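Notes follow the structure.
Order of writing sets the chain letters: A, B and C. Residues in each chain are counted from 1.
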Amino acid sequence: MSEHVLSTKLYYGIWIALMVLTVVTARIAFIDLGPFNTVVALVIATCKALLVVLFFMHVKYASEKLVKMVIVASIFWLLLLLLLSLADYGTRYARHG
Amino acid sequence: MSDSTATSGHGPELLHHFSTAEQQRDAASLGMWLFLGTEIMFFGGMFCAYLIYRLWYFNEFAAGSRSLDIWLGTINTIVLICSSLTVALGVRAAQMGKRKLLVTLLVLTIIFGVAFLGIKGVEWYAKYKEHHIPGASFDASDLIRDYPQIHIDPAHEQIYFSLYFAMTGLHALHMIIGVGMFTYLLYHSMKGRYGPEYYTPIEIGGLYWHFVDVVWIYLFPLLYLIDRKPLG
Amino acid sequence: MATAVITPERENYLNQEYGIKSWLLTVDHKRIALLYLVSITFFFFIGGFFALLIRLELLTPAGDLVQADTYNKLFTMHGQVMVFFFLIPSIPAVLGNFLVPLMIGAKDLAFPRINLLSWYLYITAGVLMLHCICTGGVDTGWTFYTPFSTAFSNTKVVEAGVAIFIAGFSSILTGLNFVVTIHRMRAPGMTWSRLPLFIWAHYATSVIQLLGTPVLAITLLLVVFERVFHLGIFDPTRGGDPLLFQHLFWFYSHPAVYIMILPAMAVESEVVACFTRKRIFGYNFVAMSSIAIAVFGFLVWAHHMFVAGISLYSALIFSALSYLVAVPSAIKVFNWTATMYKGSITFTTPMLYAFGFIGLFTMGGLTGLFLAALGIDVHVTDTYFIIAHFHYIMVGGAVMGYLGGLHFWWPKISGRMYPEWLGKFAALIVFLGFNLTFFPQFILGYMGMPRRYWQYPPEFQVLNVLSTAGSTILAVGYVLPMIYFLWSMRYGKPAPDNPWNAAGLEWKTSSPPPTFNFDQPPVVNFEAYDYEHIPEVEEVPVV
C-alpha cells in the first residue's frame, strides 16, 4: 500500500500480459508435454498471480516489508499443509485409481 | 470499512483511537492483508483435498476436466482479468480525485463481476443437465462412453465433481460478496466520499477483489486444463 | 507510587455510561472484554455441567445413569463447548481484549467495531450451539470424525458444525485485531523489545488463530456440504479418504491447543515477574519461544493420527517433530523457574495459580513427550492417559492461567480487591480437586481403560470414584471465585491504581481505567519489568 500513483500505461501493459498468458495457458494445454503440462500450467498461473499481486495490488511499491511477509508466510503455511500431508499420502503402500 | 461522516473526498474524521490518518490507513491495509492471508488458508484446505485426490484419481479428474467448457472457462478468466484492470484503474482514479472516472470504473467492475457469475451459472446448469452433480442423480456414463481409452470409476468421478462444485461455489460466493462490497463503494463514490485524502475503502476493496481473481487464476488450470491432450 | 494511594471514584470506563445499550453497542475494548467474561463463564458452566454428568456416570462400571447414545452426546458436547466456547476465547477475549491496548499504550484496539462484531459472532455461534444441544445434540465426539459425522450420525452435526464455523470466525477476527494493534498502535518508545511478554505471547496466539482457524472452517464446511448437498469428499464409498478429514481437522486442532496455552503462558510471565520482583529471566528466549511454539505447533498434527492409518514413515516424521515442539515450552518453564531463583517471592493468589500452572503444565507437557513416542502411543492412544494428558495442560495449565490472570488484573478491571484469603483458599481447592480428578486417569489409561466408553470393567472402579470425587471438589473451587468476584464488585475494598506495585503500562493508569485508557498518552522510555526501579511491596493488601 503506497501513495504511489502508477501510470495507466503500466496497468494496461499488465492487463495485456495477463490476457496473453491466459490464452497461452489454454492453448498449451492441448499440446502433449507429458508430465510437464501440469508444471507449465502452474508456472503460468503463478506468473499471472505475481503480476496481479505485485502491480495491481501494489506490493512491489509497498513501503515496508510487513505486507510481503504476510503474503510469504501465508503461502508458506499453505505449502506446509500440502507437503506434510503428502508425507503421509506419498508413502502409503496402497495405490489407488 | 465505513468511517464517520465525510464530505466531498476530504476524508473522514480521524477515528478517535488513531493518532494520525496515516496510522489509520496503515492499520486498515494491514488488516485486509491479514484477512487475505486467512483466505489463502481457507481455500488452501480445498486445494489440499484437490491435490490428494488428483494424485489418486487422475483419470477421473482428467475426464471430468474435459467435460468442462474450456471456452466459457477461458472467457470467464478474461472477464475477471478485465475486472481487475478496472479495479486497479479505479483505485488510481480515486487517488487522483477523478470522481466520474471512479464511478464508471466501479460500474464496469460490477458488470464484469455479474457477467462472471452469469457464465458460472450457465456452466453449472450444463453440469446439471449432464447429471454431473454429485449425489443420487449423478451419472458418469457419458464420460465412460466418451473416453474408452482411460479407465474411469464412476464413484471416484463424483470426487472430482464434488471438488469442482465446492471450489467454484466458494469462489462464486466470494465474488457475490465482492459485488456487494463494490455496490456499496459505488454508492458512496457517487456521493463524492472518496478522493486523494481518503480512498482507503476503495483500496482495500480492491485488494479483496484482486485476491478473488488470483484464486480463479489457479482454479482455471487446476479444474479446466488437467488433461486436454489429444487422445490417441 | 506508594502502595496505599486510593483514588476517589473518578470517571472510568464502567461509570462513564449506563444502560443496556451502552454495553451492547459499546466499542470500548474493556467493556467488550467484560461482555466476553460473562458469556464465556456461562459456557464454562455448561461444559462443566456435561463434565459432571460424565463423571457421575463413571462412578459405577455399569452404564446406569444414561444410555450409551446419550453418553456419546455428553462427551461430545463437553468437548465442543469447552474447547470452542470457553478455552479458545477465554484469555485472549477477556484478558487480551482488556489489556493489549493498555499494555502498549494505545487508546483501543485497531478495529473496535470488528472487536464488537467478534463478540456478536461468538454469541450467535453460542446461541446456535445451545439450540443444537437442547434439540438433540451431537454424538460424533468433538473431533467430528468422518464417515460417522458425514454419513451415519443421526444427530445435529450440521448445526454444531455451523456454530463452530461462526465461532471460528470470531476467533479469526480477534487474532486479526491483535496483530494489527500490536504492529501499528504501540505508544512512542514502545519498541518490540520493551513489550511485556504477555503481548509477545498474544501475538503468537493471534498468528495461530489467523493461519489455522480457516482450515478448520473449510473442513467443517465440507462436512456440512457432504451432509446437505451430498458432495462426496470424505465418503469412502465414493473413494473419499476419511483420513483426509483428520489431516485437515488436526492441522487446525493441534495448533489450537497452543491457542489455548500460549495466553496462559502470557499470564504466567506477568505474574511471576511481579511476585518475584524481577525481570523475567531470559526475556528474549521467552519472547522467541512464543513465536517458535506458534510455528512448530503447525508441524506436528498427525501425532493425533498415529494409529489411524497414516503411513509409518510419516508417523516417524511427525513423531520427531513432536519432540521438537516441546523445546520452546520447556525453555519457558526453565526461564520462569530461573526468574524465581533469588527472587523476592510473595504468595498471593495469582502467584499460587502461577506455581500450580508451572507444575501441572510441566506434567502435562512431559506426558505429551511420552505420547510422541510411537511405541507408547500405540498402547495408550484413545485411553484415559490421553484424557489426563490434555486435561493437565488445558485445565491444570490454561484454566489456572486464566484464573490467575483474572485475580491479578481484577483490581484493574473492576476497581475492587477480591478477598485475598478466600482467593488463596479457592486456589488450593482447585489444585487439590484438579489433581484428584485427573491423576487417577493417567493410571486408568495406562491400565487400559478406553476413553469415550460409558461402561468399564469393575477393576477400574476405585480410580474412577477417586476421579469423580476430585471433580466435585474442583467444581467447588471454580464456583467460589465466581461468588467472591461478584461480591467484590459491590463490597470489595476499592483498589489503588497499582495494588501489586507491578511494572507495566496498565498499572500506570487508574483502577478502573478511564474510557480512553490514559489521561495523557504515554511515552515509554523504560524497559519491561523494570522492577529494580519499583519499590518493594511492604505488605499485600488483605481484606
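Assume contacts are C-beta pairs under 8 Å (C-beta built on N, C-alpha and C of every residue); 3 or more make two chains touch, one makes a residue touch a chain.
Treat the numbers as computed from the prediction; the structure is a model and nothing was measured.
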Chain of greatest Cα-centre distance to subunit B: C
Pair with more cross-chain C-beta pairs in contact, given A-C and A-B: A-B
Computed distance of Cα centres, subunit C from subunit A, in Å: 37
Distance between chain centroids, defined by C-alpha means - subunit A, subunit B (Å): 15
Sites on subunit B at which at least two other chains make contact: 26, 30, 34, 37-38, 41, 44-45, 48, 52, 56-57, 153, 156
Multi-partner residues of subunit C (each touching 2 or more other chains): 183, 211, 215, 239, 247, 251
Numbers and ranges of subunit A residues touching at least 2 other chains: 66, 73-74, 77, 81, 85, 89, 96-97
Footprint of subunit B on subunit C - complex, ascending: 106-112, 114, 172, 176-177, 179-180, 183-185, 210-215, 217-219, 221-222, 225-226, 229-233, 237-241, 244, 247-248, 251, 516, 521
Subunit A-touching residues of subunit C, taken from the complex the two chains share: 183, 211, 215, 239, 243, 247, 251, 298-299, 301-302, 310-314, 317-318
Of all residues in subunit A, those that touch subunit B in their complex: 1, 3, 5-6, 8, 11-12, 14-15, 18-19, 22-23, 25-26, 29-32, 37-38, 41-42, 44-45, 48-49, 52-53, 55-57, 66-67, 70-71, 73-75, 77-78, 81-82, 85-86, 89, 96-97
Residue ranges of subunit A in contact with subunit C within the complex: 66, 73-74, 77, 80-81, 84-85, 87-89, 91-93, 96-97
Contact footprint of subunit C on subunit B as seen in their complex: 16-19, 23, 26-27, 30-31, 34-35, 37-39, 41-46, 48-49, 52-53, 56-57, 134-136, 153, 155-156, 158-159, 162-163, 165-166, 170
